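Below, chain A partners chain B and then partners chain C, in two separate complexes.
This part shows the complex of A and B:
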């Protein structure tokens, strides 16, 4: 197990390194002159030269890459060109919105999906099962930003009980902040829950055919106890894997949803950074999100191997 | 050496009629095929004909309700919604087909190469795969389109790149599952090269897997295109796109909520269609996989 974790850790570091190289190349080498990209076509030559000096662009590419990586290790993410504040400050501020948003929708989707999936599997083949799975099938096809627009229309415009966007900030109003996050969380969670419910159902149906389920019933365990203690618990393993895979979709979803609801989160920071051509903000915050995704995949791999020893050999 | 081989019965051929019967009994397949075909026909028709031109703004006709003249009404610029939806179908299908095509054309050979060569090459292909998977797809598509400019072509490339590792993975997995099977050994003994074996024996045997995956990837590509266009990074006006229509409808949602409904339904329609088609095809082509999802 330790050897497996060690090999995975090496893999994790290699992927991180490769990812940082890709980001650096895409943002700083491919566009030619980053200073020109940031200032636009009509920039004065002396402004360009000043920015080049400020960003250290006169140094060779390799030096710039190394100093970027070393800086990040020391918590120095550079200084935003448009906001004139350290990027690390921006990120830590924005993550207070993105983290509750992502965590909230992850929790909500799991809370919906597991009971629904279990219920559907227990009524396998009946009309109610077909009905639930049809709804889930449609749910997968629905774009989260469309749900968001409908939610805004119903709850913000017609009923006027929730804000249509914006974020007051946790220090200003906790309740207001929670209200501001409610619709975005639901919009992100519903398609997610549809996928999870399907996985939960099929995983449980697979598990219920296993011999140990019959054994549990034979030794006198009630139907319900068998279902939860032996069925659901084992079926959760594939659900966990899918949850891990969904993380990257969730991150991508926050970019759109944060824009739609004018939430000052990381996704919106990146999107604004891109439209304002603030490459300093973009490269570090993208790196952060990618690192997060890689790390979650790593954790899922490790958790999986801890649960199922057969997988360790595959390293 | 020249010993005569024992004669085996010819391999069971798929009976076209029985497959069709089975297909028509599969609810997923029928519904999916009908929906996908419907979107396809709408898109193809829009190349030759739409009820109204989509690039002509006529403010005097803005926000018309449903009528015999405008089946779904008009938007805030006076454009006919039905025409926009048809042209949007064309955009979605073209983007999805090319993006999935890119993924297959590059991903499948890479996956097959990895399976055939094993060793270092396989390791390199699979690690590159992991790397692409590590970039949240829409996030990188946003990056790509913003550095190289928004537009349909860059959106296609951005979505296509994320289809490469998917197909590489499926192709490699399928090929590895076949390795060691008697007919491959027989082909090897008859002196065929690895390349020839791959082309003649492996590809036909993993075609099922690839078709099912392609159908699922088409639906994901349609969603991705809608997302990018919604952010203003995909298809640009005057070309129509469902994502773009949703973006424009959002500003009007208080006055004309119906504008947000139609493009949403169109996206759900087509994504559902390709998803169901994929499910149905999987049931038909690979009975072992029947109950699995995702």
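This part shows the complex of A and C:
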């Protein structure tokens, strides 16, 4: 198991390195250097030269790449051009919003999906199953920003119990911050939960046809005990796969949702970075998101092995 | 002695289709009832209904009485107190009957904890005892292992351990050894017999194999289309089979196709010559610092097949026979040694020559249904190998050829327009044989060609192989784990164990006078119907005196 984790960890580092290379190449080596992109079409040659010097663009490409990577290891992500503050500061500030948002919706969607999927599988073919799955189908079809708008209308405008946007900050008001995150978390979680619930249901239905389920019943276990002890854990493997894949969609979702709710999160930072051509911010925050996604994939792999002993030997 | 479990007028239907009709049987303490029948006869459904684990949509009538209760009327919560505690079941497929992600100890202990409401520690101790009772003592260290780390025989022992953990009064075994090798089958059957004796359980043994049932059962019931056509004490019943179906079944089990008329010229230029073939697979490394280990699936195997000769290749699962077959068929090159077919090495010749070689050698596999594309008509399936002949044949000629071979395997030319699902298992195997015959090959490699078939159909297919041998002068390489099949149809036999040939010789000689200890063990492990009946009669005579 430890060996397995070690091999996965090496794989993770390799992927990170490859991703950093792609991001670096795309943003810096392609036509038009960052200084031109940042200053726009009407830039003066001397301002350009000054910015190039400031950004260290005159150094060879390899040197710039290495210094970027080494800098990130030391927590130095460069200095934002538009904000004139270190990017690391920006990111650490924004991640306090984005991380709880992403983690919250991941947890919420799992908490909704697994019981719903199991319930639906247990009542397979009955009206309640069909009903739940139709609702889930709608949940998949409807985009999360539309759900967000609906939630804002109901809870912020009609009922007036939750804020419609903005973020007070954790040091100002913990409760207020939680309230501010509640609607965005729900808006992000619902579509994810719909997909997960369907996967959970079909995975469980597949497992319930396995011979070992019959063995468990022959031992005398009741239907319910069989389902929980032998069905659910075995059905979790495909659910985990989807969960891992969904994480990147979740990240993409935060860009939209954070803009919608005026949350000062990473997604919004990237969005602003792109519109203001602050490529240093974009580069580092994209790298951070990539790292996060790869790390989640790593966690999913470890979880596979924890669930299924057959996967532990292979690496 | 009175019955502890009995079925009276048991009828089961699933979604309106009647599966069992007026089934009666009795199970007595310390005795085994053998229930015999072919696939679809309803024997497995009898077992599931005794456990009240019938599939969805099933309805039942009649009586299943156990300790004064009629189980057909018992609710599911009531049955959870009986299943696994008083009535237990052993399943056919040990591979899939265990949960792959839970430890052996955990799975055996689960039933104990559920029924006896004992602590985890007590259950653990009892589990060690139960595993010891099925011959898996602590020296195997299985408690913390997972099913995939066990051999097939060990898994089936674990399945039996789960069934007998709570010392049930009734044990139902549905084809408990069908998926196992003969030597392992012999061990498992002995184990089951001992358990029934020692713990005075009543057992219902379900099998398609008359020899297994004759060896094990005190009484036998023969089932066809959901009806028990005949039953009685084993020896007596087999001596006086009166129902035509039972007679047919008995004959099919003993069936030997007509022996070869013209002798084979073994000195002729061999059709297939396998010299010193080696096949090996890399094993995954324990760590990056150790050298990679190789598993030698086939180790320096040499033999040859003469024209018109039928050669048998027997061995247990994992002995390398299928790996060897893949190499002979030209699917995977050997890692050492060479193959010569019609005097040429298929891995050394040009593409066109290889095609000619492929025309001369065709294959028949175990599962005909799995080897057909369900969306292709029989004509398309059967004519497929003709692509090898490039454009030599017109469409009309092809159709004619397909009709010819279909008739030659006992099907009608009209069957060419049908789809695989419209045929029975035996007919599908005939189609597979027709597909092999279509290129007019001189050698057919048949990998377990009758293992998936019922005895009566198996007899017909063996007759077909014998007929093609005599009529078309076909040579065979017959690969099987089933010695009786190889004995019935081959002239020479090769016995493989752990990738090596351990014995080779004329079939009759090898089986009647095996020289290698492994062959001896293999031959003695095969259940022999006549031998079993002889012993049974002796015992029954002694009992009545």
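Keep this in mind: the second predicted complex is superposed on the first by the 291 of 315 C-alpha atoms of A that agree within 3 Å, B and C clash if a C-alpha of one lies under 4 Å from a C-alpha of the other, contacts with A are read in each partner's own complex, and residues count from 1 in each chain.
Just so we're on the same page, a contact is a pair of C-beta atoms (placed from the backbone, for glycine too) under 8 Å apart; a residue touches a chain by one contact, two chains touch by 3 or more.
Values in this document were obtained by computation on a predicted structure and should not be read as measured data.
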| item | value |
| --- | --- |
| Which partner, chain B or chain C, touches more chain A residues | B |
| Which superposed partner A:114 touches (first chain B, second chain C, both, neither) | neither |
| Touched partner set for A:307, first chain B, second chain C, both or neither | second |
| Which of chain B and chain C A:290 touches, first, second, both or neither | first |
| First (chain B), second (chain C), both or neither touched by A:181 | neither |
| Touched partner set for A:221, first chain B, second chain C, both or neither | second |
| First, second, both or neither for A:39, with chain B first and chain C second | neither |
| First, second, both or neither for A:3, with chain B first and chain C second | second |
| Chain A-touching residues of chain C, taken from the complex the two chains share | 51, 53, 76-77, 79-85, 88-89, 91, 93, 96-102, 110-111, 114-115, 146, 148, 159, 162-163, 284, 287 |
| Interface residues, chain A side, partner chain C - complex | 3, 210-212, 214-223, 225, 229-230, 233-234, 307-310, 313-314 |
| Contact footprint of chain A on chain B as seen in their complex | 127, 130-131, 133-139, 142-144, 146-147, 219, 223, 226-227, 230-231, 243, 246, 249-250, 253-254, 257, 260, 263-264, 267-268, 271-272, 275-276, 291-294 |
| Chain B-facing residues of chain A, complex | 11, 14-15, 18-19, 22, 26-27, 30-31, 37, 137-138, 140-143, 145-146, 149-150, 152-153, 157, 195, 198-199, 202, 205-206, 242, 248-249, 251-253, 255-256, 259-260, 267, 270-271, 274-275, 282, 286, 289-290, 293-294, 297 |
